[in-house]
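What follows is a pair of complexes built around chain A, which joins chain B in one and chain C in the other.
Entry: the complex of A and B
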């Protein structure tokens, strides 16, 4: 019995190592390729940090990364706030609306990537400000794209903590419904909200189709910069990919650190 | 004078008439139980008193004040929920001080009240624990402490012990009863467990299908059921019609139902002369129920249940002939 258990543990470990290797291998290869001038033979030759030096000294790159971060964060914050407010109304006043909201929030899943920005453009390109503003359109479109992920994460977590019960308990202790929702329920679902936000961040960060359709060449983001570099140098392309990966990793780590800090306080 | 008054309370969920003109008065300091099966309206009435449900018609008075349209936060009523409803991100101390902080009490006063409440529910040393690290019984004690720490006018308990195992439930029943007495609270307790209602209550209101079927002290409700539902729900009574009673006793009975508690039957191998009605039957089944043995007995083709103390000396086997006696005053006309 014990041997069988041991065997299954070993099997599980091997499976995990294989999956990690499968996921990391392309990244490692990209990183290696970004550090060498040539890779014709088995081993690469001509170690150089030139690709990174050029990248880090290129103001266009940092502007593009900065824009990407900003246009990722703004829609995510806005979408999360709107969904939380909507869920407050659903949980506290109209639980019967839950099904309808769920259907509405799931619709963006069904819209193909390129259709959404084209529809937005044809609808709003001649609309008055601020609706006709490309930045406004971009932020609003991203909000629609990430809506299902943010909504589902928040909804599942609200159900998980038993939000109506917590609100009732807080009310009996003298809290208003609004206070109870935002001071009792929300802190209890922050873990789930963080994961939803990270998922949304990954989606927006990796987008090329929507930004290219809506903003074109006027507004260069990291993905567009990458697309541009691809035409010029394979080595620099790899360097851009590695740096973007690290930036995403840092943002994710920050979010998880903040969330786990709150959790640690809770567990202490 | 009544401390809590429900005047002609109606509650509808759509077309479903859940509470049908409930009139109920509760005295200050009483431990009152709303007893009944699932879906009878007892929890709904409790939630209406808490303000968590709006009534469709009627009026609720607390200490002479009309609280019908008041928000729950303004009613000064404490509540203990079935599923504890503790705030998972707050430790025991924070859970207890949550409401006190909203009242903007001084930190000294908050500390004192929290300490007293923790002492009262015997959870000293658990102040810094989070709900997730506590057992079900401990969580319910915290919920109880949170209910009393606000010094409410009324404490509501919505089936607080139904998720707890039998042994712990008995200990918590005692704790709740003790705290109720020590603090001089007015408590309204909801349960579907008739034994729990008997043990804990000063007054029981038996609910059935949105109306109060019977009210009284535990002894009154137990010994003098007024309807077949009350007899069936409270005391596992034998409910027999007049024809069955005639076959059982050999005497004519007026039309209607008669309820006889299983423990009022006297069983003996010898002839019984001390009871008003004596008959002979055959044991068809026996089921041990703790310290009591429940026999199914066939008497002239009428199946009755009789409870006797579980002593090996007096045990009967299935198929045994047995003499059965019952006093007339134990045959309750419904």
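Entry: the complex of A and C
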């Protein structure tokens, strides 16, 4: 019995290590590729940081990163505000409407990827302003794409703090329903909501299909910059990939950090 | 007093407007448009659908898309099952490292992922070169720019997603069950066959439908690797609306509807096959 247990333990270790190696291989190769001039045999030759210095001195790159940040943050803030407002009505007045909100927030799963931007484009491409404006379409489409994640995050946290009871308690102390929701409940869930918002941020940050469909080459975000440079230099492309990947990692690391901090607080 | 009582409904307005204008209407419009004849005249026709299912190019797209989605999901699930089972048995540092890596690489998809495979196995990729230099035919002639190459890339992004989705399911397997099976003389294998996998079936099916939808709609990797030179539904869909060839919005709408039907079917099959809480029937 004991030996069997031990054996399965070793098996588990090996399985995990093999999967880790498989998953890290493309990342490590990309990283090494970005640091050398040539790699046509087992070992690469000609170590250089030129790809990174070129990249960091390219104003186009910084502009692209700036655009990405702007186009990620605006939809995320708007979407969070919209869902919070809707959940105010649901939690305080009509709990039975939650089902409807939930369905509306699940539909984006069935129209993910290329489907939603194509549907939006085909409907609004020749519509009058502001609907015909590509930026308007882009922001709205991103909002719909992240809807499931933002909703899930907000709802889980509302349940977690027991929103209806909190509101009742606040009302007993003389607060209005509006005040109770926005000044008592929301500050309590903001930490948790930030986590889901950051996951949404990583999604928008890595998006290529929506920006490519709705804006084409007109609005060069970091992903479009990457796609553009892909045809020019392999080494620089790898450098861009590494930099963007690190940025995404920082975003999700922040989310994780907040999450574990939140857990600590609850445990105490 | 009356206006005051209903004024809270205003808070719902932005959310509903967003959903109606950018979720419901675009989808309904696409569905309706798919029944219009090409060229923008009014009328009702099924021609667009008939063309999809009889045209060689589009039949191929459907077959390729379904093939690549199902295969990448199944392979992803098998690896994820092994990985999640290992996590279930493993405690300590390695588990934490594994979880962080899964979370990390789940962000590695789309254009960057496709390019990573291009430098590894593309025409002048590192492994291709090594394969050519040392006579390793398998590497030297790896068909990256094909549906099989794409499958390799798809499997890569399915694995972390599938593993992350399956790990919580394994938490529901209790140690006592294993002990009970062992007491009754069952082996580890018997436990997984008779208890473990049946308990996990709903989660496995749920994960499968997420993976399937994920692969079916994936566009960026395929586009980065092969541009429009691969017959996949998302590629064929987008080229009807954007790009160099003649735009065919009505026909494209029908492709979009076919894709949506596949997505919904995947979700429905999963719902049907998952036993409802509180016993069957």
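Basically, the second predicted complex is superposed on the first by the 218 of 268 C-alpha atoms of A that agree within 3 Å, B and C clash if a C-alpha of one lies under 4 Å from a C-alpha of the other, contacts with A are read in each partner's own complex, and residues count from 1 in each chain.
Just so it is clear, a residue touches a chain if its C-beta (ideal position, glycine included) is under 8 Å from a C-beta of that chain, and two chains touch if they have at least 3 such contacts.
Everything numeric in this text was worked out from a predicted model, so none of it was measured.
Of the two partners chain B and chain C, it is C that touches the larger number of chain A residues. In the superposition on chain A, A:16 contacts chain C only, with no contact to chain B. Shared-chain residue A:102: touches no atom of chain B or chain C.
Once chain A of one complex is fitted onto chain A of the other, the partner contacts of A:209 are limited to chain C, with no touch recorded for chain B.
When the two complexes are overlaid on their common chain A, residue A:226 makes contact with chain C while staying clear of chain B.
Within the superposed three-chain model, A:82 lies in touch with chain C and out of touch with chain B [touch as defined at top]. Residues 50-52, 71-73, 77-79, 81, 83, 85-89, 98-99, 102-103, 128, 130, 146-147, 150 of chain B are the ones touching chain A in the complex.
Looking at the complex, you find that chain A touches chain C at residues 1, 4, 8-9, 11-13, 15-17, 19-20, 22-27, 29-30, 33, 39-42, 79, 81-83, 85-86, 88-89, 92-93, 101, 104, 107-116, 118-124, 131, 140-141, 143-144, 147, 178, 202, 206-209, 212-213, 216, 223, 226-227, 230, 234, 237-238, 241, 244-245, 248-249, 252, 256.
Interface of chain C with chain A (complex): residues 8-9, 11-12, 14-16, 18-19, 21-27, 29-30, 33, 79, 82-83, 85-87, 89-90, 94-95, 97-98, 101-105, 107-113, 115-117, 119-120, 124, 126, 129-130, 133, 156, 159-160, 163, 182, 188, 213-214, 216-220, 223-224, 234, 237-238, 241-242, 249, 252-253, 256, 259-260, 263-264, 267.
Within the complex, the chain A residues that touch chain B are 161-162, 165-166, 168-176, 179, 184, 187-188, 266-268.
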